[in-house]
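Labels run A, B and C following the written order; every chain starts at residue 1.
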Amino acid sequence: MATTARQSKRSPAELQALLREARAQRGTSLGRDAWRRLRRNRGAFYALVFLGLFLAVSWLAPLLPLASPMALDLAVEPQPPAWPLTVNPRRSLAGERPPFGAAPTLSVGALADDGWAHRTYVDVELETPLGQLEPTENPMVRALVTQTAERKATVYLRAGDRPGTFVQRHALPQWDSDRARIDWQPSGERGAVEGTLVRGVDGLYLKLALQRAPGGPTVLAAKARTAVEGVEVELVVEGETGRETRRYPMPWRAAAGARVVGLQLDGVRLPAEAERDAAGQWPAMPDELGEARLALEIAGRSIQLSADLESVKLVDTAGERVALETRARVVPELRAVVHDDLGSRIDRRLTDIGRVVGLEHTDGIWELSALDAGLLHLRTRIFGLWQTGPLLGTDAKGRDLLARIVWGSRISIQVSLVATLCSLAIGVTWGAFAGLMGGRIDNLMMRIVDVLYSVPFIFVVIFLITLLNEYRVELADRGIGYMTVFYVVIGAIYWLTMARVVRGQVLSLKNQEFVEAARMIGASTPRILLAHLVPNVLSVVIVYLTLTVPAVMLFEAFLSFLGLGVEPPRVSWGLLAVDATDSISAVVIYWWAVVFPSLAMGSVLLALNVLGDGLRDALDPNLRGKD
Amino acid sequence: MIRFLARRLLWFAITLLGVVTISFFLMRAVRGGPFDGERRLHPAIEANLAARYHLDWPLWRQYLQYLGPFDWSDQGIGALLHVEADTDALQRLPADRVEGRTFRVGSSVVTWTGELGPTPLGGVLTGDLGPSFKYRDFTVNDIIGQSLPISVALGSVALLFALTLGLVAGIGSALWRGTNIDLSLRLAATAGIALPNFVIAGFLIILFAFLMPLLPVAGWGSPRHMVLPGFALGAPFAAYIARLARTGLLEVLSKDHIRTARAKGLSEWLILVRHALKGGLLPVVSYLGPATAGILTGSLVIERLFGIPGTGSHFVNSALNRDYTLSMGVTILYTVLVYSLNTLVDLVYTLLDPRIELEES
Amino acid sequence: MAAVLEVEDLVVRFETHQGTVRAVNGLSMSLQPGETLGVVGESGSGKSVASLALLGLVPNPPGVVEAKRLKVAGQDLLGLDRRGLQQLRGKEIAMIFQDPMTSLNPLLTVERQLTEVLERHEGLTRREARKRAAAALSDVGIPAPETRLDSYPHQLSGGMRQRVMIAMALLCNPKVLVADEPTTALDVTIQAQVLELLKDLQRRHGTALLLITHDLGVVAGMADRLHVMYAGRVVEAGPAADVLTSPLHPYTQGLLRSVPRIRGPLGARLDAIDGSPPDLAALPAGCSFAARCGLRTDACTKSPPPLVPVLAGRRSACLEAEALLLRSGVKA
């Protein structure tokens, strides 16, 4: 009622004038005024310039002659930053292309292209020849490896784990056939072998569990042993035709050389080798392995491990950083046919010369967009095979830190932008709708926001992401990548504040004179929205956005840190932070791995925050026209 | 006041019920149970486990059992209601069993037997969060009971750091505004807000573990163990509090009533303490709610980094392990914590600001 | 009797980014005990700034206060340190602020805000102070003062708040009371009450009152003498009744003409002064009022005219004062 009374007082001319004023206020003057004030705010201005430069570098990453952010080199210790600028020629890999017919791991357009190839590393342990102090390369072994692998190898040497030995590492372009493959064939058996591997300083410990279908033949004796290619469980069973020996091989290189501390057969705990006595009883577990506890010194920290490896107790402490690996293979009425991996094939041919002690693959494929692939191509046209040396050092896996920081920034920026836009879309729609509708609907919608506010959202996100992880194959089939889901989930939690802010702004604007004036002269609702509300809400939204971007970036890092975010081989700043904290061990510290990623992340977040504050001041209507 | 608390409690109950219900059904809706994934168990064993954790029950019954307070197992209300799966056999039940006291709920057939055995209470409503799926010898209450005191201690230390550092910096920066002290404090605050806590923690570890080994960088037990993680966890909040305190104080100091106080001849100190601080720190008080929530969140990372056996690590792990009960238990716990702290903060706020009436909000 | 307030050549500047704002330019005045001096002038003429300067409350930066002499109750304000100033404020000189809505601390009870003055200046205990505060409240006509002491400002009406402000100012019987538009925020009946109250209290305590207002009616009823301010300068001074009946400055004339008259012809147009006050950051070389003045001569724009005696007890800063005097027909 009050408004109509007020409206009727105004003449059309006055209304027109009001409108003109409103339009003038919102249009050029607002933007120009804000820009003027932003420029005068030196901190914010520099932040803007810095961010601009940073964005440019980040988006042009494929064009820069950086080392590969994902090429592992496990042979060497992390390298400290090497100044002054060292530039290494990138080796041509043209000669290392797999022969026709062999499936290369690299796919076209992947970051792994050309100099970014995935590697397979074969470590061969050799005796240092008598009378020789420094190990020298054994050309015969290299020839043997090259011959077996049918590829050229690059060789690194390092000291061996046992005295008098050294390890000759062969780096090869990776082929699919380098990995062991198991073809399962029907066997008439049913069961599962499962192993738990614990790495202690004095070696590896393995516990095996064998679960078979009930009603199977009686087991008379069981034996578990480890070898280079993995673990094997041998059972002597009472078959239809009499005693027969069955083997359950488990290709599991990591378990090579582990000490088997126990074998669990259908729930019965046994020593590594056991045989039923005449009465059909299994032997008792030796005491020492039964209840005694193994104290292991791991990286200077003492942990206690129960002999059955069921529980790990921290005595003096430091997190559950004990390497516990579990692996299971189900044998559902199948028999495993093992195709050896490259390591075993080489090992067989080495005979007495030495033995293969390690086989490692650099994993994963980093798909590049067409644009990035183009840029990468352009880069080779410009820089040829040249790339920078470890300007900021290398990380614990020998990857170039500078390259990782730059490439990592791309994902961090992408996540924060996309997620922020998501939050923008949801928040603005929600808030504007509530504000415009008003009354009961507004009340209800804002109540919902309140309730959501009081839920600890981080937990919901972790929860959602783990749930969505279950369905990633299905999602991928529909062309929805994991990253997309990730963006949407983050965006979906940041819309609450945005909704509140927008609603508040809409409410206050709705009752303002120029909107009333516009309504009086007969402007339609959409027109009012577009011409009057949107520009006015915009400044608030922009300010909030600039503050959301760093928050989301932080959140991505947080999730990646917890292992819920970006996945290797891709790299984001969160993952760099994980690498950094992992590189802080009790013994040595690779400070560059902590300092440089932190600096990069810190400076960008700082700049974003400063810019956000500056924008807030610049767009604050209360400060408009002042300094 | 009472009405305010009652209303708060009502909303809280609704929120909590919503959280419990949604997460319960979401978790079960997802393919894959808690016992598959890494290890595949024998069907017989799996069936055994499923029976132990009631996974063989229809969903609604599992939910009611989880929620409590009644025990829906066959020893409890289950004695009252005879529940059978809706199998073909049941379809062909004799007529007398299908009529009268038998009805269909979801995919099961429920018969009212009318004989109530002793009904032990349990479930979330009685504070019993059930057995853990992963740590099979422990209940969720055990696990939380072991780890919560640690997390609470860590959180309190962090909050203490945040408040003391933040207030000192904020007030100092407001009193010396425009000077270099102000400038450097503000820069530090912006940096504190911008840097994630694990970055701060990384620097702290380098500093204290290697450059000057004064404090332990991992583990838990003595007060000395709390300093670094507490600081790393509290630093971003200290920065935010400093900023809030500064702007709040400056705003109050520019108010007319401060001029009145000056005109009365009060000393600057008294003006600050009596007239400015109370109003200037109101924003800090209302920030304490979000801050505690943030500290809880941050503790997930900090606990992992410093090897502290708190509740935070359980949260992430349980979500990854699909340890339904533990995961939900921690979610419920944190919801309760955040909600009650928020209510407390609102109460304190209204005590400080006489203009706010509790009933309004 | 010695003057309780002596001001000579008071200058207040604000050094801002846009330049120097000269809010007060050479203000002089003196006040005898029990006397009421009215200060009128349109909005922005520097009244509030000048009164703040009397308590040493001009914010610095950006404000700079200079004066040949600035004495309150015999003490030189300019020579006092912070402690000295604090002891003076509230005790010897007190102020009632323009806006009672924002001038009280919303987070403290009325009691706390009243008693702290007494605790500070008279060293009373909290209980004694409470008694005095209650008495002061009943002095200013607040019913049930004991219960009012426990309320917060937002629980009081505007008129009550202004009374609390007055009670607060008078708690220590100051020698000088500066009232900066004490009635502007109030409705007419309350206005009259508050003014009566001020008069009454002044009579009882012998307080000198500096009454700042732009309401000429208020001045006519209250002030003994009157200063008219324009752009930070006093342009006319003299006994209130005389100035209001026969103004000797065109600005005063303009002010008087723009006051609506109940007795005047119905529907008569009010004569607002044409133009607007000068920009204080760029004052003209001559008389600040010249641009709006009907009597302007070339001499007016050369240098600012000094405030000189025209008649016994009457001073004007207009070069044409004599002419005005002749026209008005007042005898020398």
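Everything that follows uses one rule, which is that a residue touches a chain if its C-beta (ideal position, glycine included) is under 8 Å from a C-beta of that chain, and two chains touch if they have at least 3 such contacts.
The structure presented is a predicted model; accordingly, all values stated were derived computationally and were not measured.
Asks: Can you tell me, using the touch rule above, whether these chains form a line, ring, star, complete graph or other shape?
Replies: Its topology is that of a line.
Asks: So which chain is farthest from chain B, going by the mean of the CA atoms in each chain?
Replies: C
Asks: Write out the two chains that share the greatest number of C-beta pairs in contact.
Replies: Top-ranked chain pair by contact count is A-B.
Asks: Please compute the C-alpha centroid of chain A, do the same for chain B, then give the distance between them in whole Å.
Replies: So the centre of chain A lies 26 Å away from the centre of chain B.
Asks: What is the distance, in whole Å, between the centres of chain B and chain C, each centre taken as the mean of its C-alpha atoms?
Replies: Chain centroid spacing, chain B to chain C, equals 58 Å.
Asks: Could you put a whole-Å number on the gap between the CA centroids of chain A and chain C?
Replies: Each chain reduced to its C-alpha mean, chain A and chain C end up 71 Å apart.
Asks: Enumerate the residues of chain C that touch no fewer than two other chains.
Replies: If we look for residues of chain C contacting two or more partner chains, we find none.
Asks: Once bound in the complex, which stretches of chain A touch chain B?
Replies: 192, 194, 211-214, 267, 314, 316-319, 321, 326, 328, 330, 450-451, 454-456, 458-460, 462-463, 466-467, 470-471, 550, 554, 557-558, 561-564, 577, 580-581, 584, 589, 591, 594-595, 598, 601-602, 605-606, 608-610, 613
Asks: Which residues, counting only chain C, touch chain B once they are in their complex?
Replies: Residue positions touching the partner: 52, 55, 57, 82-83, 85-91, 94-95, 97, 99, 102-108, 112, 116-117, 120-121, 152, 154, 165, 168.
Asks: For the complex, give me every residue of chain B touching chain C.
Replies: Chain B residues touching chain C: 255-257, 259-268, 270, 274-275, 278-279, 352-355.
Asks: For a test of understanding, state which residues of chain B touch chain A in their complex under the given definition.
Replies: Per the touch definition, chain B meets chain A at residues 11-12, 14-15, 18-19, 23, 26-27, 30-32, 38-42, 44-45, 190-191, 193-196, 198-199, 201-203, 205-206, 209-210, 218-220, 293, 296-297, 300-301, 304-309, 315-316, 319-320, 322, 327, 330-331, 334-335, 338-339, 342.
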